[in-house]
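You will see chain A twice below: alongside chain B first, and alongside chain C after that.
On to the complex of A and B.
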């Protein structure tokens, strides 16, 4: 237990370092850009511009700005939006992260749930039509990008469903209602679900042929117990190893999904602020993303030994 | 009478001693041919390349030409895939998009390999401090949301600093700078394993220099996995370009990028779904084909993976 806590502590420090490093790169990159968010404001006197720059500390030498910024990050303060005055970035992004995390969580549920079900079914009914259907779905689904699924989701659930049900039941893009979650979550999770299904099938096929599974059958255990407790638990291990990259993929994928479905999360903020040249927010979003990816990977590594007691720190 | 029949045994024995000589590539090719999904993928990729080549010299209409007919016109005999919201011929634009897809995919695969192979070889061959430094960077890079950094790189390099015009090149560079780790990590592992093998040791004993060892003994033996990894970089890069162009941050407007075409059609989806269908289907098929061929190549180069 103490070892685990120590390990988690070490990882948290590493995540903090990585986050600051990664966002530093973005900070330095974005500060190479000539011009600033205020240039598009009309009828601006040089004095007013200088006052604006001073207000945000943008008139300081780069190294001072950088030191200020790092101090801010370490205190959890990411500064103020350059475009919408008086808007503090940290609370804004915390709010948006909760939205993104909700979508991401349901997407992960789709990915793992659907992937496991398809994979296990395909393995148990190997070389039957169930297997062929599940496997070919997986092999096709993996290659269809999430934004394409999103477009088709909008078309089917937003447009055709509206026509079929005469406008009584359909999907409205946006955020805030419970029924607005499934379509984006499906679009985001489906490509990875096929990946999980493929992986689960392969490792399931391996485990159901092992001696201990045969023993479990021979003991007369119920099919559910054998499949879930003996076979699936061991087949899950390779699936858990890819959860890290998977979560990164879902986080990156959410950028385009949030923009298509009009979900006010981190991804939408990211694109909006890049286009508006609100660099403070861009850097802030990045800091959040880097931390999120790190924390997600850590969570996976903590779950790992629970599934596979052979692994210890 | 006493004449004995000629003995032909040795010939037979010889054929036991020496199995048919096969090179890495011909062996892989033989296995690849048996994989039907990979063959279908290869045919699709072949079509993609041919279409891309044709589009250089000929498309039914110029890809940028607007109002060749009524806007939003559904598929007809004159325009097999219909016209988009600006009255441009979608078939021509799909063909032009094939060229862009090929450029982005192949370009990225090459640059990713050019960055990843030397770094991986150095780390795996010299080990020690060199390996520590390179592995540190590989691990840091794995921790970042790659697509988002690439997105910012495209923006900074072309829009803000005007170093590279917003086009295929900047996308390839941004992608490669954020995705070189896969190849590097793979080559590092291969080099670590191969440097201990007898034939490398023998070459070293006979006085081969480090460079010769790396270039003539280690790299050729790691080629199979490298080809597989580079193949998987192609769909990733193609997807990245589509992703950027769909968000409006990729290739500039008249360029017939499939991602941008999907974004164009997305707004008129309710009454003209053909605009969004053509590019998304083309994109999905292409990604599928590359993934299938990649899977096929992986199985072909790695006999242990055979099912």
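On to the complex of A and C.
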């Protein structure tokens, strides 16, 4: 237990360091992009521009800007938006993160839920039509990129089924209705679900042939108990190891999906802020992403030894 | 292809029967078929597996489940792989009891520690919550035995229970199996390569070759008067302390037949030193050679005047 806590502590420090490193790199790179946040303001005099730059400290040498920024971050303050004046970035990103996290959570549910069900079914009915159907679905799902599924989803649910959906997904402005979640979550999660399904199938096929599963049968346990408690429980271990990269994939994938569906999350902000050269927001988004990916992977690593007692930190 | 063909033998309560034979002779398959646990795609193609009045081959899935671990328990060769690595030892013993309605869940829970003590696991109270990887090979095999006898089965099948273990613990495991079978008045089928073990422990011996029983009878009779040339060679290939050093061990030349390329006639004829013309075409039946002793051979060793001399040719 103490070992685990120590391990978590170390990992948290590592995540913090990584996050700072990532945002520092972004900070430096971002200022190499030509242009700035104020260029598309009309009727701008050179004096006005200089005043704006001065107001946000953008006329200072880069290292001074960096120091200022780091000081802000250490106080949990990511600064203000350069485009939408007076908008504080930290609460904005927290709000957007919660939107993204909701969609991401459901996408993960699709990924793991659907993936496990398909994988287990295919393995238990190996070389029957169930297996072929599940396996070919998985291959198709894996070969179609999520943005294609997203556009297809929009077309079906937003256009062909307009009478039924009433355009919930993109005609109705605003976000926050539960029924807006399934289609983007499906688009985001489906390719990874196929991946999980294939992995689960292979892993299940391996475990149901193990000696300890044979022991479980020989004990006279019910089929359901043998399959779930003995075979699946062990088959899950390799699946959990890829959960970290999977979550990372869902987080990065959300950039595309959120822009297609107009979901006001971190992914949408990511693109909008870069286009607007809203430096502070871009850096903030990256900071959040780095922390999210780190925390997600940490969560997985903490779950792992619960599933496999042979692993101890 | 038949891995095991027309095997039939009797085991009575309180009796220890040894099954011996080379690797691949179908010993494990025979044992597994008693529990209908033949690995896929194998199956029982014909015949009956009678256990008392019951035909294992005709049981429904639920009947066979109730039967496994309850009437017949099995201990496998490799304790390193036969226990589920992610479940606690105590729980694995407990669930074996819960699977059959012999005990209430509460009773089952309370019986775990006494069971582990009964198989002589030191500090059983502290070790119930251990995982298999925290147990040594010998301790794991003890846990397997605890699991096996927890429902007080009437037949215990031990498939080479000590082959995978350290020589130093082999004897104590065998002793444990013998003592428990006496206490529980259970019959034991002991599958082994070790003829010395058979001689010291078993009431009766079954010798298998190429998936068939080739000789069967009381241990004393088999060791003193082996009638099948294979049994005879097996005993001859066994080193004995009381023998004069001059008498060289005679090993059995050649390999047991491949499943796919079973020879016609007597399956042992390609390696038999005593064969006659008939052996090449007709397979002998298992016939009584002495009261209680049966052998599957046209010639029989008692009809060979000087087997030693003939074997050396």
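As a convention for this text, the second predicted complex is superposed on the first by the 296 of 313 C-alpha atoms of A that agree within 3 Å, B and C clash if a C-alpha of one lies under 4 Å from a C-alpha of the other, contacts with A are read in each partner's own complex, and residues count from 1 in each chain.
The rule is simple: contacts are C-beta pairs under 8 Å (C-beta built on N, C-alpha and C of every residue); 3 or more make two chains touch, one makes a residue touch a chain.
If you're wondering where the values come from, they're calculated on a predicted model, not measured in any experiment.
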Fit or clash between chain C and chain B when superposed on chain A: fit
Partner chain(s) touched by A:18 [first = chain B, second = chain C, both, neither]: first
Geometry of the superposed three-chain model: angle at chain A (Cα centres of chain B and chain C, steps of 10 degrees): 80
Which of chain B and chain C A:166 touches, first, second, both or neither: neither
Chain B versus chain C as contact partner of A:308, first or second or both or neither: second
First, second, both or neither for A:45, with chain B first and chain C second: neither
Which superposed partner A:290 touches (first chain B, second chain C, both, neither): first
Partner chain in contact with A:86 - chain B first, chain C second, else both or neither: neither
Which superposed partner A:233 touches (first chain B, second chain C, both, neither): second
Touching partner for A:223 - first (chain B), second (chain C), both, neither: second
Least C-alpha distance (whole Å) that remains between chain C and chain B when both complexes are overlaid: 16
Doubly contacted residues of chain A, that is, touched by chain B and again by chain C: none
Chain B partner contacts - residues on chain A that touch it in the complex: 15, 18, 21-22, 25-26, 29-30, 32-35, 139-140, 142-145, 147-148, 151-152, 154-155, 159, 248, 251-252, 255-256, 259-260, 270-271, 274-275, 282, 286, 289-290, 293-294, 297
Residues of chain B touching chain A in the complex: 37, 140, 143-149, 151-153, 155-156, 160-161, 235, 239, 242-243, 246-249, 262, 266, 269-270, 273, 276, 280, 283-284, 287-288, 291-292
Chain C contact footprint on chain A (complex, rising order): 209-212, 214-223, 225, 229-230, 233-234, 237, 307-310
Complex contacts: residues of chain C adjacent to chain A: 35, 37, 39, 61, 65-70, 73-74, 76, 78, 81-87, 95-96, 99-100, 131, 133, 144, 147
